[in-house]
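Input: one structure, supplied below.
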Amino acid sequence: MAIFVDENTRVAVQGITGRDGSFHTREMMEYGTRIVAGVTPGKGGQTFDGPSGESVPIFNTMEEAVREGGANTSVVYVPPAFAAGAILEAADSGVDFIVAITEGIPVLDMARAHAFVRDRGARLLGPNCPGVISPGKAKVGIIPGQIVTPGPVGVISRSGTLTYEAVAQLTAAGLGQTTCVGIGGDPLIGTNFVDALEAFASDGETEVIVLIGEIGGTDEQEAAAWVSENLDRPAVGFIAGQTAPPGRRMGHAGAIISGSSGTAEEKMAAFEANGIPVAKRPADIVVLVQEALSA
Amino acid sequence: MAIFVDENTRVAVQGITGRDGSFHTREMMEYGTRIVAGVTPGKGGQTFDGPSGESVPIFNTMEEAVREGGANTSVVYVPPAFAAGAILEAADSGVDFIVAITEGIPVLDMARAHAFVRDRGARLLGPNCPGVISPGKAKVGIIPGQIVTPGPVGVISRSGTLTYEAVAQLTAAGLGQTTCVGIGGDPLIGTNFVDALEAFASDGETEVIVLIGEIGGTDEQEAAAWVSENLDRPAVGFIAGQTAPPGRRMGHAGAIISGSSGTAEEKMAAFEANGIPVAKRPADIVVLVQEALSA
Amino acid sequence: MNVHEYQAKEIFRAAGIPVPPGEVADTPERAEEIARGYGGTVVVKAQVHSGGRGKAGGVKLASTPEEARQHADAILGMEINGLTVNQVLVTPAEDIATESYVGILIDRKTQAPTFMVSAEGGIDIEQVAHTNPDAIRKLAVDPRYGMLPHQAYWLASTLYDDQALAKQASRIIAQLYDAFTSAGASMAEINPLISTDAGEVKAIDAKLSIDDNELFRKPSIAEYRDLSAEPWAETRAREADLSYVKLDGNVGCCVNGAGLAMATMDLVKFYGGEPANFLDIGGSSNPEKVVAALEIITSDPNVEVILFNIFGGITRCDDVANGIVAATQSIDIKPPIIIRLTGTNEELAIQILADAGFSAFTSMDEVVQRAVQMTKGN
Amino acid sequence: MNVHEYQAKEIFRAAGIPVPPGEVADTPERAEEIARGYGGTVVVKAQVHSGGRGKAGGVKLASTPEEARQHADAILGMEINGLTVNQVLVTPAEDIATESYVGILIDRKTQAPTFMVSAEGGIDIEQVAHTNPDAIRKLAVDPRYGMLPHQAYWLASTLYDDQALAKQASRIIAQLYDAFTSAGASMAEINPLISTDAGEVKAIDAKLSIDDNELFRKPSIAEYRDLSAEPWAETRAREADLSYVKLDGNVGCCVNGAGLAMATMDLVKFYGGEPANFLDIGGSSNPEKVVAALEIITSDPNVEVILFNIFGGITRCDDVANGIVAATQSIDIKPPIIIRLTGTNEELAIQILADAGFSAFTSMDEVVQRAVQMTKGN
């Protein structure tokens, strides 16, 4: 099994004709993801060529991508100025799951978009996230397919390349994954740690969950509390940003220590206090996962 | 029994210190309505004197009127510029039922307010309505208490004095009422004919329902269809505005024939086609109700 | 409140909608001067709050400045649906490839501002709705979120297959929504929205109705009111806070409450008469309002009898009776007045009126029958 | 992006918030002139993007124009938290009865702009949150509806029992919400909001942070950026589309991805070293970005070694390697560079780097340990 995406995922790519959109669409297709439609207003009727000569229909609207292409998921690669609009369009089209890769969307746009997505009953992953991959089944987003392999580990992370680092080490150690979820580095994200934990909790094949957090906010603290109250299997944690100074944004718009809250110490303590062992270095994640699986 | 208001109704009056608010609060109290609070921002801590020396506490906010006064219903007498804000405040305070008497609220304010009231799960009656009276139990609004008497007739109407005319004639003829509901003359109203019909349909004591409509919109047509499909008891109708010209607003913002739709003919035909006999004059309403009751 | 085409265009232009230039003339000479300024063919358009201007001869093409003057001369002073034309708009003629319809109004069912668009523009949208309803696309805008980009595009794509045109129309639709909400409108319409051979989308006509309830907080919009464009009686009614609509009959009606006022008109008709007007005097009984109502009703020369129908609920009938007596003492009324009052303190009121020499009734049917009889010389 | 107090006050004033007058001086003479214009006591306030200006001596009362000049002379050029003061705001001193706090920021949990207000103003709100959390009232504004009048009043009533003051504060809170949203802010703060003995409520300090992601569509706000108020390295990083934060250590870090960059810093610390900076080079491997990154890192004289940590996922490691080689050929770098690359085409990349004379690793732990050793002279 897997969470969020699998063999039944039928993806519409919003912004398929852009530089990032077209590159990653081919990557997703090569991984075996079912890309059923592209959406670029004004380019409806054209087609997109897949890596093996497949032809993906391009529509002007998400509504057509759903009605004619049968999409149940969308992934957003459109530029920041238009990305919130694309998310609203996706939510309005009836897809269940929306993955927003775009970085740099104004946060007030996202406040409105999150409310809209909730009103429509859809699930949003991101924005400013690497997406999600269920090894051997489907990838939606930009996580490199070659670093994952099927197995019993669920991964939830706020970052991109740090996730790749950790997942690549897991894979190298023979520890495959059910699904790796990048929830994104923005202050306002759709699916958060607890949401992803809930999904993993109802996935029979996930035996241990890796939580890769970073400074800023209290999402990890809430995840820790949720784990100790609800999770029936082990989790291990890592927090980036122990050396980050307060008040400075560390790349991600969400990675900022405000006053005395959102520090790495606070989050690591919350993990430990709730029975989640914390890796001191990325390399230790592998060790902790091995211990959890053999316990 | 009765609908919307009865002995358990605990009313907060928004705008209790205004000219209309204070006058009608005394009228409501004289009728026996339980007025538990007044709300006027800036006058919290004062009291309002009822007609028999009762003292009603005044609060600055609806939140206090609910928390400290125990209100479950509000009635809005505040001026048009602030009335939509008062409705939003009421919906936010947790009361179940809001009666907006104010006439002249900008329609775009109301579009937003209706969405908010729906989001909060409250019921709004009005705006620009005379309110509701359950004879012998409670009145919330401005319908004169002396023209009603308890009995088996439910009344739903878009107008004010025309309702009084019809109800006074019913009362004079010995035909008492369970509840008389004035749904209001604005284009965007909360509770409409169908909503009020649904409420009457689950009231065991209402034996016949009088629908007093007017030109504009298609609310009466939908009510007619609802009656024929769902109502287990008779209804009779009246429509004002047979002589109204198209394109001119007849007092009420909602009473306007747009192009060829919303005419009295159309509405009367819809009533007749769905088994609702239509009174040609207000005086005939009494006759039709008597016939319905004796059938 | 309706605003003139040229005023609506100012508002649309301010919202960014591409609207061809135009200037208003109230003399033929000025129209000629404007036309000369533009050069080429111009359109001379009557500025009057009425539809059907074209059919009535109020819209004319002029290929020379002299012709513009001649058309303006013919149109200025013209009556269109009872309204006199005091101004014409002179605007360069556009080269039209296609004509579409874009409108937005407050829809009762969706409780939201709702768009209607159709590729069949330039004609009456009501007619399209009857003959070819599928040619109209509708969309309710959720007031919590406003107009969303994909919604504007979805509407625009009904109008144009060409994507360059659809994108322009999409922008115009979003701008129209902004103009609609920021003006506090109840209706806004571009008919036609044209595309030109050069591939531009433009609004060459503009209609806008403002929600009267918004005017208190939109002083710049309220200034658009053109008193010369409405009959004196309506101006007077608005100032006195009354609702008045003139009709073609001879029974003047003065009623408290809009529903009862309509029902009274209907009952006049039921008994074979013809109502001269709708007039809702509201809940107040103060003599100034009664004076204003009587002035307005009697400004209609067709009125042969004046009928009061008052239901005293919260309003006390004796107050109204005193108001009527005071009002009729202060102004001179020719047509006979008959009065029905019922409700709070009705006996007292009838006595006050009888003492002042008025016929007073308590039954609505009786008073209406009597009024109709009086117009028939009985 | 942070704006200066005087800029925030301009934005607040435009939204209708009562803000005392004030003018900016960049010389002591100009400060004296401004003070003379106002007459009476003035406050001279350092304009610098840092809290704690008061404690640092950057805010002074002056009862005469001469005193204003003296204070300005002392404050201009002062360093506050590493930032040089180039401007002072001169503003009339207010007669303060009470001081409150009003702030709004984007809250992660409610996913909405969220107000925090407290009657305990003029001090650090963080401290109030710790010592007396009940003194703070919070309210999330639903972005679908905006700030509602009763919500503004509810917040204001925490600040003042006096209803005249509460109504003024209520208006100011609503105006602050408008300023916040229309400026595209991520944080806005009035601390303190004062009431005067005369019963007026005013904002005498103003703080505003703009969401960088909004700047593309708010050109007038983007112009508020004061390049002289930020270190050169940050300006350069922004222009090159890099994220850079200077720290106090000596191991310069250049990493792709923010999370990996933080984890790299942490690992430097883990192995006993001190990171000199956070630097996220992003997903691109073009040589210009690598050049900019190297320029920025080497502008810090403390840097003794430069550590690259690249995870090649979508990015190809050989591209990055070529970028590094090209960049180092075009500029002269003093500190040694050591590099870790892993992922797509790592072997090829390591070969490219070795050929150019660079130490190249594939393990993150190894490269970090080596970098730390190098700073210790090993």
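Every chain is named by a letter (A, B, C and D) in the order it is written, and numbering of its residues begins at 1.
FYI, a contact is a pair of C-beta atoms (placed from the backbone, for glycine too) under 8 Å apart; a residue touches a chain by one contact, two chains touch by 3 or more.
These numbers were taken from a predicted model, which means no experiment stands behind them.
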item	value
More contacts between chains, A-C or A-D	A-D
Centroid distance [mean C-alpha coordinates] between subunit C and subunit A, Å	55
Centre-to-centre distance between subunit D and subunit A (centres being mean Cα positions), rounded to whole Å	28
Centre distance in Å when subunit A and subunit B are each reduced to the mean of their C-alpha atoms	51
Multi-chain contact residues (two or more partners), subunit A	112, 115
Residues of subunit D whose C-beta touches two or more other chains	144-145
Overall pattern in which the protein chains touch one another (line/ring/star/complete/other)	other
All touching chain pairs, where touch follows the definition stated at the start	A-C, A-D, B-C, B-D, C-D
Touch list for subunit B against partner subunit D, complex	41-44, 60-63, 82, 85-86, 88-89, 92, 112, 115-116
Residues on subunit D engaged by subunit A in the complex (per definition of touch)	106, 108-109, 111-113, 126, 130, 142-144, 181, 184, 186, 211-214, 216-217, 243, 245, 247, 255-263, 265-270, 275, 278, 280, 311, 313-314, 342-344, 364-365
Residues of subunit C that touch subunit D when the two form their complex	144-145
Partner subunit A, residues of subunit C touching it in the complex	144-145, 148-151, 153-154, 157, 163, 166-167
Interfacial residue positions of subunit A with respect to subunit D in the complex	23-24, 27, 80-81, 104-108, 110-112, 114-115, 142-144, 146-147, 157-165, 168, 185, 187-188, 212, 214-215, 217-219, 238, 240-245, 248-255, 259-260, 264, 280-283
